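Have a look at this one before I ask anything.
To keep things simple, chains are lettered A, B, C and D as they appear, and every chain counts its residues starting from 1.
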Amino acid sequence: MTEVMRVGVLGARGRVGSEVCRGVSAEGDLDLVAQVDAGDPLDLLLEGDAQAVVDFTHPDVVMDNLEFCISHGIHAVVGTTGFDDARLATLRGWLADSPGTGVLVAPNFSIGALLMMRFAAAAAPWFESVEVVELHHPDKADAPSGTARRTAQLIAAARDEAGLGPVPDATSTGLEGARGAVVDGIHVHGLRVRGLVAHQEVLLGGPGETLTIRHDSLDRASFVPGVLAGLRAVGDRPGLTVGLEQVLDLG
Amino acid sequence: MTEVMRVGVLGARGRVGSEVCRGVSAEGDLDLVAQVDAGDPLDLLLEGDAQAVVDFTHPDVVMDNLEFCISHGIHAVVGTTGFDDARLATLRGWLADSPGTGVLVAPNFSIGALLMMRFAAAAAPWFESVEVVELHHPDKADAPSGTARRTAQLIAAARDEAGLGPVPDATSTGLEGARGAVVDGIHVHGLRVRGLVAHQEVLLGGPGETLTIRHDSLDRASFVPGVLAGLRAVGDRPGLTVGLEQVLDLG
Amino acid sequence: MTEVMRVGVLGARGRVGSEVCRGVSAEGDLDLVAQVDAGDPLDLLLEGDAQAVVDFTHPDVVMDNLEFCISHGIHAVVGTTGFDDARLATLRGWLADSPGTGVLVAPNFSIGALLMMRFAAAAAPWFESVEVVELHHPDKADAPSGTARRTAQLIAAARDEAGLGPVPDATSTGLEGARGAVVDGIHVHGLRVRGLVAHQEVLLGGPGETLTIRHDSLDRASFVPGVLAGLRAVGDRPGLTVGLEQVLDLG
Amino acid sequence: MTEVMRVGVLGARGRVGSEVCRGVSAEGDLDLVAQVDAGDPLDLLLEGDAQAVVDFTHPDVVMDNLEFCISHGIHAVVGTTGFDDARLATLRGWLADSPGTGVLVAPNFSIGALLMMRFAAAAAPWFESVEVVELHHPDKADAPSGTARRTAQLIAAARDEAGLGPVPDATSTGLEGARGAVVDGIHVHGLRVRGLVAHQEVLLGGPGETLTIRHDSLDRASFVPGVLAGLRAVGDRPGLTVGLEQVLDLG
C-alpha cells in the first residue's frame, strides 16, 4: 500500500469511536484528518479533505451524516445501528447519484465473531447435532443475543440446504426452559454472569466426536481491526455493501 | 491395608457391575469371591464367604438382596436407584438388628461429580453470579439432569446461608427459554448433543473474574474408584450411610 | 442416490473395521457384501461382487490388498497407515493400468478434525497470536500428536502467505518447556491426562478478542461418517486421491 | 455490621488503588477517609482518623508506610509486592510493640484464584493425572506464571501426602518442550496469546472422567472483593498474617 488514505471519524469521542481514532492513528497507510462528535460541524471533514469516514454515532444523526458524506464523494464505513430496509433503500438512492462512492454498513465489526458464524455455517451440514450458547454480563437487556439468533439462523439454513432434518432430542420430561430458546429449530442458551463481557460458543456433534467454535470478546478494541479492513476495502466498492464479511476473504 | 476384603458383586454381568468386577479384581486389598446376577442364588455370597457386596441391580430386587446381606452380616455398597424415605427406614430397621453391619447407599459414585458439587457449594458464597450448564447425549429423557438440579439446590442453599440475594439479571426482552430453567433461583441450562456423554459446568462470576468448575464423564469406568472407596470405608461405618461424600474426605 | 453400492471391508474384525461394518450396514445406499480379516481369502470380495472396499488393516498387508483390488477394478478407501512417497508412487502405477478405478488414502477420517484444521488455517491470517494445545490419554507415545504438528504447519503456511511475522512473545525468564514445542514458529502444547481420549484446541487472538476451535474425539465411531463420505465419493474420482478433505466440501 | 470502619488507601491514584477507592466508597460499612499517593503526607491518615489502610504502592516505600501505620495502631491490608523473609521479620518486630494492630500481607487478592488453588489441592488426591495450563497476554515476561508454579507445588504436596506416585506419561518420542515445564513433578504449560488477560486451568483425570477448574481474570476489579474481605478481617487478627486465604472461609 503506497498511498495514504485520509480518514475522518464521526462519533470520535464515543466509546467505540475513540478506539477507532487510536487505531487509525497507529496505521501507516491511514491518516486521521478529522475527529467529529456531537456539536461539531461536518465541514471539518472537508477541511481535512477526508476521503473516507468511520461512523459510530446514533440512529438519529447517522442519515444526515451519510447524506453529507455521499454528496461530497466521501466513502463511509458505518457501525451505527438502526438500519432497516427503508434506510438502506434511501442510501442506495443517494449512492446512485454519486457513482464511485462506497458505503459499508455492518452490524458487527468483530472479525472473530464473523469467523465464528462463517465456520458454524460451514460445519453445520456435517453434524447431526448443534446448539448455541451465548454468555454475557448480567446488565444485558435481551436474551438470546442478536449474534446468537443470527448464528442459529445461518446454521438452520445450512442444515436445510444439506437436507438434514431436525436435531435429535429425546427430552420428554423436564423443567420449562431447560432446553433453551429455539430459533429456526436450533436450541440457543443465554447465560448472564458478572465478570463476563461477550462470549459465544457453537457446539456441533456427531457419533463419537464434537466440534466447538468459541468467540470471546473482552474489549471494544476488538472492533478496530474490522473497521480498518473495512476502510481499506470501501474505496474499491462503489455503492452500498451490507456486512463486513462481504469485503473480507474469510476462507 | 494389610488384610484382604472378600467382595461379592450383585448385578455382576450388568454394565456397571461388570466394570466393578474388573475394578475389584485389579486391587491387591480386595478379593472378588462371588459374581451374582439375575437367576443366581444369593448363597453364592456365603459360599465365597463375602464380607461385603456391591449392588448395581434393579429397584425390584435390591431390597431382597440387602435383607439377605444384612441378616448375614455382610456389608453393602449400593448404587441401585429407587431409594425413597420408606426404603431407607426399612434398611435402618434391619440394620438395628445387625449391629456392626454397614450399608452405604449412594446416588452417584463419580468422585469427580461429588467434587464438582462440593466445590460449587463452597465457591457460591463468594460470587455474585452463578449458573449451571449440563451437557448430555440427545437420548436422555429428562432435562435438566438430576445432578444439575441437585447442584443448583446446593448452590442456592449456600448463597442463602451467606446472605446473598438473587442473582443479577437485567433480561427484559427475549425468547422463551433463553435464560434456561430456574431451580431454587439458579438458572440451569441443558444441552443435548450427539457425541457427548455426561458433562456439567458451573460458572461463577464477580467483578472482573469468573471461576468455572467442569466435570466430564466419558465412561462408566468413572464409577469404579468411588465404589472401591465405598468398599474400603463401609466396614468401619455400621448402620446406614447415604451419599458417598459422607465417607470421603473431599477437602 | 438411487443405486446401492456393494462394499467389502478389509480388517473387518479390527477395532475400526468392525465400526465401519456396523456403519455400512446401517446405510440404505450401501450394502455390506464381504467382511475380510487376516486369514480370509481376498476372493471373498469377488464372491460378494464388491464395487468398493474399505481397508483398515496393517502396513504389512495393505499393498497386497490394494494390488488385488485395483487389478479387479474395485475402488478403495484406505485408512491403514504407513504410506510414504514410494508406496503412493506404486499405487499410481497400478492405477494407471486400471483407468476408472479410484483409491482414496487418508491419514484422518474424522470430519471434525479436518474441519478444525481447515478453520484454523482460514482464521490464521486474521489474528496476531495463535497456539495449539492437544490433549490425550497418558498412554500415547508421541508428543505433540501428528494432528497437532500438521495443524501448526497449516497455520504457519497461512500466516506466511498473509505476510504475518512471528507470533508475539515477550517471555524472557522461565522454566524450560513452559512455552511448549515450536513447530514452524507455532507453539504447540501436549497434555497427557487419564480419562481423556483425543482432543485438540486452536486458540487465536487479537486485540480484545480470541477465537477458539476445539475438536473432541471420544470414540472410534467418529471415523465412520468420514469413511462413508469417502466411499460415496471414491467411485467418481479415478486415480489416487490423498486426504479426505479432497473429496469433501468443507465450506 | 453496625459499625463503620474508616479506611485510608495508599497508592490511591494507582491502577489497583483507584479501583480499591471506588470499591471502599461503595460499601455501607466502610468509609473512605484518606486517599494518599506519592508526594502526599502520611499524616492525611491521622487527619482522617483512619482505622485501617490498604497499601498498593511500591516495594521502595511500603516499609515506611507500614512502620508509620503500625506505630499509630492502624491496621493494614497490603498487596504491594517484594516481601521476603527479612521484611516479614521486620514487620513482626514492629507489631510486637503494637499489640492489637493487625497486618495482612497477601500476594494475591483474587478470591477466584485462591479458590482455584484450594480446589486443585483438595481434588489432587483423587485423580491419577493432573496438569496445569496458564494463559496470558504475550507481553508477560515470565513463564510459567507465579500462580501456576504455586498451584503445581500445592498439587504436588497434596499428592505426596496422599501417597500417590508420579503422574502417568508414556511419552517416548517427541519435540522438546511439548510436554511443558515440570514443577515438583507436575507438568505446567504457558500460553501467550493477544486478547487474553490472565487465565489458568487445572485439569485432573482418572479412569473415564476429568475434572477441570478454571479461573479467568479479566480486570483489576477482581482484586477488590478480596481487599474488602481483608479489611473486614484484619482488625480481628492482631499481628502478622500472610495470605488472604488465612482470613477467608474457603469451604
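One rule holds for everything that comes next: a contact is a pair of C-beta atoms (placed from the backbone, for glycine too) under 8 Å apart; a residue touches a chain by one contact, two chains touch by 3 or more.
In this text, all values refer to a predicted model and were calculated from it rather than measured experimentally.
Of the two chain pairs considered here, C-D and B-C, the higher C-beta contact count falls to C-D.
Ranked by distance of CA centroids from chain B, the top chain is A. If each chain is reduced to the centroid of its CA atoms, chain B and chain D end up 35 Å from each other. In terms of their C-alpha centroids, the spacing between chain B and chain C amounts to 39 Å.
As a whole-number value, the distance joining the C-alpha centres of chain C and chain D reads 46 Å. Of all residues in chain D, those that touch two or more other chains are 127, 195, 204, 206-210, 216, 218-219, 222. Contact residues on chain B toward chain C in their complex (touch as defined above): 195, 197, 216, 218-219, 222.
Within the complex formed with chain B, the chain A residues making contact are 127-131, 133, 135, 138-144, 167-183, 187-196, 203-210. Put simply, chain C touches chain A in their complex at residues 110-113, 115-116, 118-119, 121-123, 126-127, 204, 206-225, 250-251.
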